[in-house]
Structure formats: structure tokens, C-alpha cells
Amino acid sequence: MKLVIAYIRPEKLNDVKEKLYAAKIYNMSVTNVLGSGRQKGFTETYRGVLKEVNLLKKVRLEIGVNEDFVQPCLKAIQEGAYTGKEGDGVIFVLEIAEALRIRTEETGPQAMG
Amino acid sequence: MKLVIAYIRPEKLNDVKEKLYAAKIYNMSVTNVLGSGRQKGFTETYRGVLKEVNLLKKVRLEIGVNEDFVQPCLKAIQEGAYTGKEGDGVIFVLEIAEALRIRTEETGPQAMG
Amino acid sequence: MKLVIAYIRPEKLNDVKEKLYAAKIYNMSVTNVLGSGRQKGFTETYRGVLKEVNLLKKVRLEIGVNEDFVQPCLKAIQEGAYTGKEGDGVIFVLEIAEALRIRTEETGPQAMG
Amino acid sequence: MFKKAGWFLFLVLILSSPSLAWAEDSFLTQDRANILWTLLAAILVMFMQAGFAMVEVGFTRAKNAGNILMKNLIDFAFGSILFFLLGFGLMFGTDVGGIVGTSLFGLKGVNFASGGAWILTFWFFQCVFCATASTIISGGVAERMKFPAYVIVSIVVSALIYPLFGHWAWGSLLLGDEGSGWLEGLGFIDFAGSTVVHSIGGWLALAGALLLGPRTGKYTPDGTSKAIPGHNIPLAGLGVFILWFGWFGFNPGSTTSVDGTIGYIAVNTNLAAAAGVIGAMLAAWLRFGKPDVSFSLNGALAGLVGITAGCYEVSPVGSILIGLMAGILCVISVEFLDKKLKIDDPVGAVSVHGVCGAFGTLAVGFFAAPGFGDATGVFYGGSFKLVVTQFIGVASGFLWAFGCGLILFGLLKKSMGIRVSKEEEIKGLDIEEHGMEAYPSFQIFTTE
Amino acid sequence: MFKKAGWFLFLVLILSSPSLAWAEDSFLTQDRANILWTLLAAILVMFMQAGFAMVEVGFTRAKNAGNILMKNLIDFAFGSILFFLLGFGLMFGTDVGGIVGTSLFGLKGVNFASGGAWILTFWFFQCVFCATASTIISGGVAERMKFPAYVIVSIVVSALIYPLFGHWAWGSLLLGDEGSGWLEGLGFIDFAGSTVVHSIGGWLALAGALLLGPRTGKYTPDGTSKAIPGHNIPLAGLGVFILWFGWFGFNPGSTTSVDGTIGYIAVNTNLAAAAGVIGAMLAAWLRFGKPDVSFSLNGALAGLVGITAGCYEVSPVGSILIGLMAGILCVISVEFLDKKLKIDDPVGAVSVHGVCGAFGTLAVGFFAAPGFGDATGVFYGGSFKLVVTQFIGVASGFLWAFGCGLILFGLLKKSMGIRVSKEEEIKGLDIEEHGMEAYPSFQIFTTE
Amino acid sequence: MFKKAGWFLFLVLILSSPSLAWAEDSFLTQDRANILWTLLAAILVMFMQAGFAMVEVGFTRAKNAGNILMKNLIDFAFGSILFFLLGFGLMFGTDVGGIVGTSLFGLKGVNFASGGAWILTFWFFQCVFCATASTIISGGVAERMKFPAYVIVSIVVSALIYPLFGHWAWGSLLLGDEGSGWLEGLGFIDFAGSTVVHSIGGWLALAGALLLGPRTGKYTPDGTSKAIPGHNIPLAGLGVFILWFGWFGFNPGSTTSVDGTIGYIAVNTNLAAAAGVIGAMLAAWLRFGKPDVSFSLNGALAGLVGITAGCYEVSPVGSILIGLMAGILCVISVEFLDKKLKIDDPVGAVSVHGVCGAFGTLAVGFFAAPGFGDATGVFYGGSFKLVVTQFIGVASGFLWAFGCGLILFGLLKKSMGIRVSKEEEIKGLDIEEHGMEAYPSFQIFTTE
């Protein structure tokens, strides 16, 4: 079991969701984050004063999947989130030691789906 | 050391907190998330137009615990968050490789508590 | 590859960011969280009625780094976030199994930077 | 449109020095001036609807904001129509037995050409007063009451409960003796409605809050009161300023005529509100250690409600004292209701409108000053009779409104139910009752 | 400042019983009263700018809130200046051919000492009307239009499009026959501007919405309409209350004189708004299963727009009926536009102002009641001629405004472009067009 | 209530054609009309409190929103009471040496029956002016000042600093020569208070901002200014519209009498505000590359402040020019203060009220137009003497207010302290000073 964490552009969330659905991945959790990365942020002015915005608005996805879904999941996110411009984001995959579904008390790979 | 991540119903947060306290687990971090899972979301209308809401408001808990607290922690969350209806959520347990408490500079299992 | 997760005081985020930059760590994602820990929260009154606030506003950092950056990263956060008073927070380090940069399709340690 | 504009221009050009022969046409008659002033005052009072809406939205949780707004809107909408069809006639129509008016339903028989101009203006002014009374209730029953049941409450209040009591105290205002109610016959003084409007609204809210029970999570199992903070204090603050603004229609407008009294009524109104803020802020500061924002805001309203009955009768200094006491009283009353009686009144409607309204009405008996208005209070050597009369008015207001409230909410509870399900309450009334959210894109910490 | 204050004090002290000899100086002349009333009404109408801003901000997304606000501000700013320099003269100057006014540009030739007091007051009242018309457009083109292009639209509307139609219907209001337009010559009745102000604004918004195309994500590839909920319903609610409040300047103020009619016009206005809420709420409840908050809010505006043409001509009961129908119509029209025509009008500007404005203007032909105003409608035995005239007015309003709109937006589209890039639209107009965010510190779920 | 309603109805019915014999009773006297107008204007000005509160809340951070609101509330509350007890007497009482008024404290000796009606109305109008001056300060010292210290500042300003300067410029308004101050003796013209109200408030804010020092994080160690964006631009926008609305009480109301001048004063006020928006927007657009929303909003206020001194004296075209310049000046001044002087004024109070107030007062000397008001400016061939007088007024306003401000804030700094701790500042004043949060359930990104 793996936990896939992806940081993507907010405006790409819908595309990613569609790709994931197409790959039969329906479970996920989404958070707002502010991120900095290779995309260096931007400056804007407010009342004539420079405002550095180096934490940009991003969306963070967390998806718990079983082993055989890891690659399809990565692929779906990659395809949905891609624009080719700096700021597209990154995906991390972490090992899940244990899982428990609250309603059914299923554990392990069962609990994922 | 383990990181317990749980996605639960917002309205159940208080119950879960009470159960955790009863299990002597006081440390945690809570985030708002939007989630989709087996509970398929709902539709509502806004000005007569269908609005699909398939990302539901959930609350995400992160709890770093030492090994012997993992099971009590899972139990507490499971009991507090249970309603039996779809949407109760899921718990993941991840391995923590290292921990550091900022104030005390304690590391490892010491840092957890 | 490691995922460093840190919970710090909101008012310390800028200091931490500066320390991280000094350590040449530019990539991170930041979330608002509510946390409880050794700092027990506080009570305030609203219209004369006691209001217990035991979930305090904290900021959560997530930083994916390669092995040789883990220690500098911990040090930077620890230094930037330290006040010595309860509530300074904690840092967890998790193993990243796999990483993928969406724009470049780089994987593994390459994808981190 | 502008039907006489060209003609006026002509007038302006010609009448550099109007001769007396022109006087009939070229001066504004006092009755037109009264129509103008009463209309302007009514417009100001109408705007209080926005103030109530913002105060109630701000002092409750984000998940119920749309519902509260809707209740305020519906109050005014149904209130206007019902007061037109029924309420106005019951309140100001030909009196029967000092109890009820019996004519003017749907403004029937009013001939616009002769006298109707005034009656229609007067209707509008009374209509916005009626809407004020009924909108007070929504604050007390906020965050847990079923919307359809609320619509019915709102209708019954505008059509029956408010107008009937209104008839007793103010029935003669339109038709003179022909419309007179029993309470005004006793000499009861409630110039702009501390009792008639505010207490009536407040006691109805009390009945509703009582029968609904507290919001889930308001009291711990052992009965300790817990705070459920309002979600948007800036909006609540805006609401209070809007109400303060509108009150200058409410009180000075109740002269329904333009003369010098409107100025000092406004002064009294303003001083009482200011003193109310100070009283409530200091009371909260002493009692709870901090200058609480929400109490200070309530204090302004408490001062305003308190001066409403006597604004025409008391002196500026008297107004300051009444406002100060109302502000302090409001803090005490909120705490008493919340912690002792364990009645959950989310926005303080009962304390601000019910309790301070009663206080203000009684205060007239003591503070009515010679040189202002018609009465003389005990503090200036007046007789205790007035205090007794005021007390009768206050008590009958309480019995009527609280009694009717218990019956009305009770019947609804028995029949269609008045309270939403616990699940709906936790999720928020906006989603379940109206299928929407007030702030769909903001992250709201839903467990607070 | 207060230039005569000391003197008045003196007057007050001396004139306990003014003798007739004093009458010239000591009574308020009717023309001063008219200036006073017209000014107050204009101030109320000016405040509607705040109402429009809040409604439009609330009904759109957080990421465009600053842009919408800015559009409303700019409307009023450029509108005021342009209507001063150009528009007023085209609208109320000496008529040529029933088509266009040709004097009074920049209020040239107006001598303040003789007659100018009235003309300037009248200008201000007309100026805020003009600003209303142009501000309606911003709602229809919200969330996707380039700011510089919008500034140009706003300028052309205030300087040309609105004043020209205004001349046709209301040209004689200032100079009498000398300024008369062709439409009023036919006997067209639009007392306070259901057509002249609201429909004109609505049809321009329609043209804009059409040429801009729907917002990204509004329609799925197969054409299904998707909801894009507004981000702040409490602000939208506040906006509606502010508009309702301001409308008491809009309608009763259109008498531009103080007499008894202002009272019943206010009553009609209020009853129609209330009935509009009820109509829209019930229509939405029946059709979609829930009492929708945003439709109910729109319903109030629909009722208000609907009664604007006839507020001086119809009875209170007629007003209730007109308001009720307008409220229902608004729901139907919003759905029709959205689902059938697939025109994306974020705040319902076309339905509320365009459609209900046309409806209200036609309704005068049917509902105009004897005893109120000057005309008699079909329902009271009047002739169909009025209906035909009203229809001509409505139709010419549509042709003019929609036609001009197509040309104006079309030319801009060809030249500088009217629509922001897709990327900018998704990020929000605030960041790209104005370099700021409306709520920089709140977490907003940016994908909704 | 409605004490004469029945009687009026009677009047309306009887007086179809009032004969001259009735004239005394049946026409509105000019002095009553003046009371009516002055009262209405005062009500409008009172509402500006809501405007200031919203502007200041919107332009600062969420964590201090409750505190700012509270400061605005307290300003008006203490201001009303103190101006009643002390300030009014110092300002309008019997003059001693052109420096200070010495009677009418607590309105003592005012007999309501004879003349008091006017005095009380006049008091109310002056009271809301006083509250305006003191509420300006809260914007400049926002987000870092201790609440108890602020309460004291607010009290001293309403009771002493404002009324004393007010006496010098306007002392004669109530008692005529008996109350006359030294500045008006020189012929100083400040019709509605560009200097008396706005500059005084602005310079006091300057002194406060200076002694408090900038907010933590406002300047980097090397002195570079950093932006601290306001958290709720829609509320700030609403506030500006409310202020614009209220200003129609401020300027035209300063006639305190009903005559034709109120119309053109309103026109001037509106044109200057509109031009201010345009000036500020274009200046910001040229200088920073984007049409900044917050500058455009400030521009409206700058135009309004700028025209306040001369609204009675200048022509509409003059008003446009003054507004335009004030708008541009405001942008320059904000930048200069922020980047050169490194004084942190969170909402631009010093630039908008202080600088544009001074500018507007001086502008009278140049723009005062024949045919409007009483003076003739340099541009129309008037003498430079007026400019010199205006300059003396502006300079003495600066010296007085800034000087008093330095002393007052300085003494408080020495004694009780004026600045909250750094920790409290970072956490927000709401939690530490008032034990609450303005938006407890919204997620706010606390580090911005």
C-alpha cells in the first residue's frame, strides 16, 4: 500500500480528477497549500509597494492506493497536471504500513479501495 | 514511530478528540480537506442549475505516536469516528524514520510525546 | 529521499523560510493546521462564556529532500522555529519510496530539487 | 415621471420674489412636509432590515448564514403583504372594545385623492415597524429552526400578534378616538415602541428559544454553557451601525410630523446608544476582564431599544443614564439567560429587545422630564401612577407576546415540527434547507 | 459653512407666532422643498451603487471580487463625468427631431443664480440614474471581461447610449416641449425607468454576455449547464437590502416634487418587492425543491424593477400582482437563458433588469388604475392603445440597447479584445488585471 | 407616538384649498425645514462611521478586524458623550479671546421650548462631525496600538483637540459674533471641514503613526517597504461607497438650511469624488502598471476630502479639477510617506485626510468661482489675500493637531505605553486585547 502525495496547480485539479476517474481511482483527499519550488513566485504591487509572493497557491492531493494502482495513479496525475511550464509540481510516493477503514473495520489492502 | 493519518467526518472531530484524550493521546494536528471516497458526493442546485459536489468536506488528523500507542490510537479514532454510514473515512499508518522536537531538541521516540 | 514534515508557530514561518533558503532548500509546501500538543491551548471568553481553544493555529511544512539535505533541513527548521516556549512544534522525517516531477518527468532523487 | 419638472423650472425662474397671492401654491404645506418626513423615516427604518440581517448573520455560524439571511428576507416580504391585507386593519381600523381594529383591511375604502396620501404613507411607516418586530425573532431561534415553520411564525406575527398588541397601545394614531385601544386609554407611553415593537419581538423570541431548546453543543451534559462564536464579527459590526443609522428614522420619525422635536429626539437616541456601548463595554470589561466586542455592539442596540419608549419624554442627560443602564443590563441579562436559565439565544435578541425594551418603557415613568414631551416622571416629582401604567403595559406586553409565542411555537411543534434534525443542524441549515452554502469557496473550519 | 445658522437661531427665537407679513421669508417654498426631496432621492439612488457592487461581488467568485468592485466604482466615476460633459445635454438639451438633445453640455449656460439651483439638482438625480443603467452591465459580463475594454463600454454607455434613449422617453422633463423626444410624444409611460434605465442596462448586458461567451467551465462539452456559485451570499444579501432601500429614492423620487404621491409610490414599490421575493421563492421551491436563497434575493430586485415603470400609475393591489409575476418571471427567465439560450449571465442581470423591466413597462398598459396617476389600463377598461404604445417603447428599447451593445462590444472585440485569456480567467481577474487579491489571507478553495 | 397623526389626517381632509388665513399653521416654516434638513444630513454623516469602520477593517489584516471595529465604535460612543459634556461648549460657547468657547457645556441653559429645537439639532450635526475627525485616527494607528491608550486618545480628541480648533474656524456658527474664533475672523473659508475635520484627524493620525512606529514586518532591516495587504477588499469597497453616500450629508448639510445651494454642493461633491477615482486610478496605472483597486478606492475619498472646503465656493468644473488633483496627490503622498518618510499608515489616513484636506483648503483660494458662494479665487481674478488666509488656516491646523498629537501620544507612551507587545502584534490584537477572533471559523493564512 502506498500513499501518493501530489502538489499540482489549482486550475488543473479538475483535469487530474478526470484522469484518475478514468483510471478507476475514486478515493482521494484534497488540501489547499501554499508552495514554493522551481517556479520562483511573482511580485505584485499593493498600493505601490512591492509585494513578494513566493508561496504560490497549489493544491495537494493525497491518494492511498494498492501496489498495482501506483503506476496508473502516477500516470493519471502526470497527464492531468502537465502544462510544461514551471510550477507543474511534484509527486511523492510513501509506504503505508497499515490501513483501516473506519466504517467496515477492513484493514490492509482491503481498506484502500 | 508511526504517523497516523485519518480522514474523518467534520462533525465527529470532537468525539474522536475525546476518545484520543481518554487513550492519553494529546498531540495531533488537524487540517480541513475535501475528500472523495465510497461516499459519492451529492448534488445540489444553485439557481436551478445542478451542482455536483463530489468533494466533500472532511477533516484530516495527523498523529505522530510511538509503537505502543499505535493500536490504542487506531481504536480511539475508529470508535470516535464511526457512524456506520458511508463517508466515515479511513486511517493510514506510515513509518516515521526520524523525529525532532524543536523546543527540547529531543529526537526519536522521546520527541513524540 | 525523505519527506520532512514540520509543525511550527505561524509567526515563525518567515524565520524558517530564511534559514531554509540559507541552506539552499527552496522547495516546500505549507498548510494551515490546528494543532494540540504539550502547549495546552488557552481559554478565552466570548460574550462572557468560556471558550476552550485547545486546537491552536499552527503551520505545517512539507519538504521533500534528498538524503544529504535532511540534516541541514532539520537544523534550519529547528533554528528558525525555536523560541524555547511550549508550542514550538515537532519535525517528522518519512521515507519517500518514489518521486516524480510532473513537468520534467524526472524520477527519484533528480525529481526532488 | 418628473411630471412637474418643467413647470418647476418655470416657477423657479419666475418667482424671484413670491408675492402673497402665490402663497397657496408656492409654499410647502405642513401636511406634505409630514408626508415627506414620515416617508423618509420609514425608508430609514426599512433599512434596519439590512442591519438585523447582518447582525444575525455575523453572530451565528457560517454554515447557517444563508438560512438566517433568508429568514430576514422572508420576514419583510411576508410581513409587508400580510400587514397590508390584515395587520394594518387590526391595528388601526375602527376599534371594537379597545381590543381590535375592524376596518381598513387591504386599505379598503381608502380614497387616494382625499386623505389617502397620508394614510398610505402612514401605512408604510407602520409596515416597517411591524417587520422590525417580526425580524427580531429570527435571531433568537437561529441555527436550529425549520424554515417552513419559521415562515408560518413570521406570517402569524405580522398578521395577528403584533397588530393586536399594537392596537391596544397605538390604535388611535390614525383614526383618533375611533380607533383607540385599551392600553393607550390608561395613559401608557411608548413613544416609538420599546414595548410595542421590541419587547413583543423579544418575548416571542424567548418563547421560540425555549420551545426549540438550545443548539447542539451549547451546553455540556453537566449543564455548563459553551461559547459558539459568531463567524463574521465585521458584518455584525456593520449591522449594528446600520441599525443605529436606521433608528434615526425609528425614533424621530415616530413624530410623523416635522417640528422641532425631531431634533432632540435624535439627540436623545444618539446619546443613549453611545452610553449603551460604554455601559456594556465597561460591564463586560469588569466582569470578564476584556472589552468584549460583541457585548459592546449589543450595548449600542440595548441603549437604542432602551430610549425608544422615552425618546420624546426625557432629557439628553436622562437619555445618557437610560442608555448606560440598558447597556449594563444587557450584559447581565445575556449572562443570566445563558448560564442560569440555560436558554440559548444566539444573538441576544431576548436581552436586547425584550429585557431592555421593558426596562426602557418603565424608565419613562421615572425619567420623563418637564420641558420635554408631555409627561413628568417620578425623578422630577411626577406621580407613581405613570410608573404603574407603564408597568401594566410592560406586563401585558410580556403576557401577550410570550403567551402567544408559546401557543404558536407549541402548536407548530406538535404538528409539523419546529426543529431540524441533529444531523442537519451539525451540517448546517444552508445545505439541507436551501441546498446551498453561503461561502462555497472559502475554507471554513467546520467543527467550530 | 452653516452660513445662516446664527440668523436662524434668531428667527426661531423671534418667530413664536409668525405673522403673514413674514410669510415670504419664513416658510419653505415648494420649489425649495422639491430641491430638497429630489436631492435626498438622488442620494438614496447613489447608494444603490453600493448595492450593485455587493450583489455582484457576492454572486461571483472570490478571485474576481476586486475586479467587480472596480468595475462598479469606475462606472460611477466615469459615468458622472461623462454625463456631465456630454450625456445630460444629449438627454435633456434642446431637442432636434425628437432624436437628440443639443444644449446644456457641461451644464454650459446654466446660471446658478436664476434657475440653476433646480437644474443642478435635477442633473444630480439624472446622473445617478445614468450610473445605475451602466452598472447593470458589469454583472452580466462579470468574471471574464478585460478591464480596459469595460472602461470604454462604461464611457460610451454613459455618454451616448443611455442618454439618447433617455431623450426619446424623458427629454421634456427639464425644458418641457422644447426638449421633447419622439417616444414620450406617443404617450409612452415609464415613470421611473423600468425600460429607460433597467431594460437598457439589461439588454446591453445581454449583448455583452453573448459576445463574450460563457465563463470557462460554465457548460460541459455536451452543453449541460453547470453551477458556478457566488462566493459570498451574505454580501449579496446585503446588496439586495441596500438596493431595496435605494429604490425608495428611485421611484418616489421620480416625482421630483413633494406631494402626496410620494407616499403611495413608496407603498407600491415596497409591496412589489415583497411580492417579488415571495413569487421567486415559491417558483424556485416548486421547480427545484428548495427555497433557493439566491433566487429569492433576485426576486426582490425583479419586483422592484417590475414596478418601476408603473409605480405612479397602479394601485397597491396591482403592485402586489406585478411584483409576484415579476418574481416568477425572473426564475423562468434565468433558467431559460441559462439552459436554453446558453447565455452565461453570472448575476442574472439580463433577467432581472432586461426581462422584468420590459414586463413592468408592458404591465402599465394593463394595471394602470383610476385614482392613481394619469392613465387607465386595460384591466380597468382602458384602451389597448396604451398597451401598444408601451410595446413600442419596450421594443425600441430592446432594439436600441441590444443593437448598440452588439456594435459596441463587437467593435471592441475586433480591435482590443474583450475577453481575458483562459489562463487569466482561471487564475482570477484580480491578480492579472489589478495585481491584487480581494482576500489575500483567507484560504480559498481555488478550484471551485 | 405620532402625537398629531389623527389631527393631520383631519387637516388633509379639510384643507383641499387652504385659505390664506390658514397659512400660519398649514405651511412648513423655513426654520422647521432647516431642522429637518440638518437632522437628515446629520443622520447621513453618522452613517459615515460605518463607512470608516468598513474601510479600516477591510484595509487591515483579519487578525485585527475586531479591534479596529471596536475602535470605531468607541470613537463614536465616547465622542458623543464627551462632545455633549465638554466639546460643544468649547467649540460654540461664548468666545473668550478668539481662542475658546466657554458656555453651553452639557447644553446647560438651553431651553428646549425657545430656540432649543434648533440648538439640539445643530448639536447633533456637529457631534457627528466631531466623531468623524476622531475616527480618522484609528486608521493611521491600526494594527499595533493598545486599546486602553486609544480610548484616552479618542476622549481627548473629542473633548479638547477637535473642538478648540473648531472654535477658531467655526465658533460663530451658533451664537454669531459672540462665539467667533480668531481664524474665521481672518476670513478663512472651510465650508464643510477639509481642514477643521479631515486635516485635524489626519495630522493626529500622523503623530500617532510616527510615535508608534511601523508595524512589525512593514520595513525590512535595510528599510525597504513591504506590502501588508488588507484582508477584505470588498468590505473596504463597501465602506468607500458608504462614505461617499454619507458625504452628501457632510457637504450639502453644512448649509444647515434648505435652499438652492444644497443641490449644487451635492453636484460638486459627486464630481470631485468621481474625478478623484479617475485621478488615483490613472496615477496608479501609470506609476505601477496596474489599475490598483485600493488606490482607486482611496481616490474617491481623496476627491471628497479635497472638495469639502470649497464645495460651496467652486463651480462643477472646478470640482472636477480639484477632485482629479486630489486623487493624484493621494497616490503620490501615500508613496512618499511609505517609502521616503517610512511612516506606516495602514489605510492611508494621513494622505487622504491630512494631505488632501490641506490641498482642498488651499484650492479654495484659487478655484472659488464667481456665481458660487461668496469668495473669488485667484483663477477668476481674486486677490492672493485669500490664498494667504487659507494657508494660515492650513498651517495652524497642522501645527495644532500635529503638535497636540505629539504631546498626547508622547505622554501616553511615557506613561501607560501605546504599543502592544511584538508577540501580541503577531498574534493579532483581537485575541490579546479582546479575547476573540473576527472570523473564528474561517481558515486564515496567519502568516500573511
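Some observations on this one:
Going in written order, the chains are labelled A, B, C, D, E and F, and every chain counts its residues from 1.
As a convention for this text, a contact is a pair of C-beta atoms (placed from the backbone, for glycine too) under 8 Å apart; a residue touches a chain by one contact, two chains touch by 3 or more.
Because the structure is predicted, anything quoted here is derived from the model rather than measured.
Looking at chain B and chain F, the chains in contact with each of them are A, C, D, E. Note on connectivity: the fewest steps through touching chains from chain D to chain F is 1.
Where the sister copies chain D and chain E meet, the same residue numbers recur on both sides for under half of the interface positions.
Counting C-beta pairs in contact, the pair that comes out ahead of the other among A-B and C-D is A-B.
For this pair, chain A with chain D, the centres built from the Cα atoms lie 52 Å apart. The mean-CA centres of chain C and chain F are about 46 angstrom from one another, to the nearest whole unit. Residue positions 12, 20, 23, 27-28, 32-33, 40, 117-118, 229, 232, 238, 260, 288-290, 292, 294, 435-436, 439, 442-446 of chain F are each in touch with at least two other chains. Within chain B, contacts with two or more other chains are made by residues 31-32, 34, 45-46, 94-95.
The chain pairs satisfying the stated touch condition come to A-B, A-C, A-E, A-F, B-C, B-D, B-E, C-D, C-F, D-E, D-F, E-F. The touching residues of chain C, counted against chain F in their complex, run 10-11, 13-14, 32, 44-46, 57, 59.
On chain A, the positions that touch chain B within their shared complex are 1, 3, 26-31, 62, 64, 94-103, 105, 111-112.
Those residues of chain C that touch chain D in the shared complex are 34, 44-52. Chain E meets chain D in the complex at residues 12, 20, 23-24, 27-34, 37, 40, 44, 61-62, 114-115, 117-119, 122, 170, 172-176, 190-193, 229-234, 237-238, 240-242, 244-245, 248-249, 252, 254-264, 266-267, 270-271, 273-278, 281, 288-294, 296-297, 300, 312, 316-317, 320, 371-372, 439, 442-446, 448. Partner chain A is touched in their complex by these residues of chain B: 2, 5-8, 31-38, 55, 58, 60, 70, 74, 77-78, 81-95.
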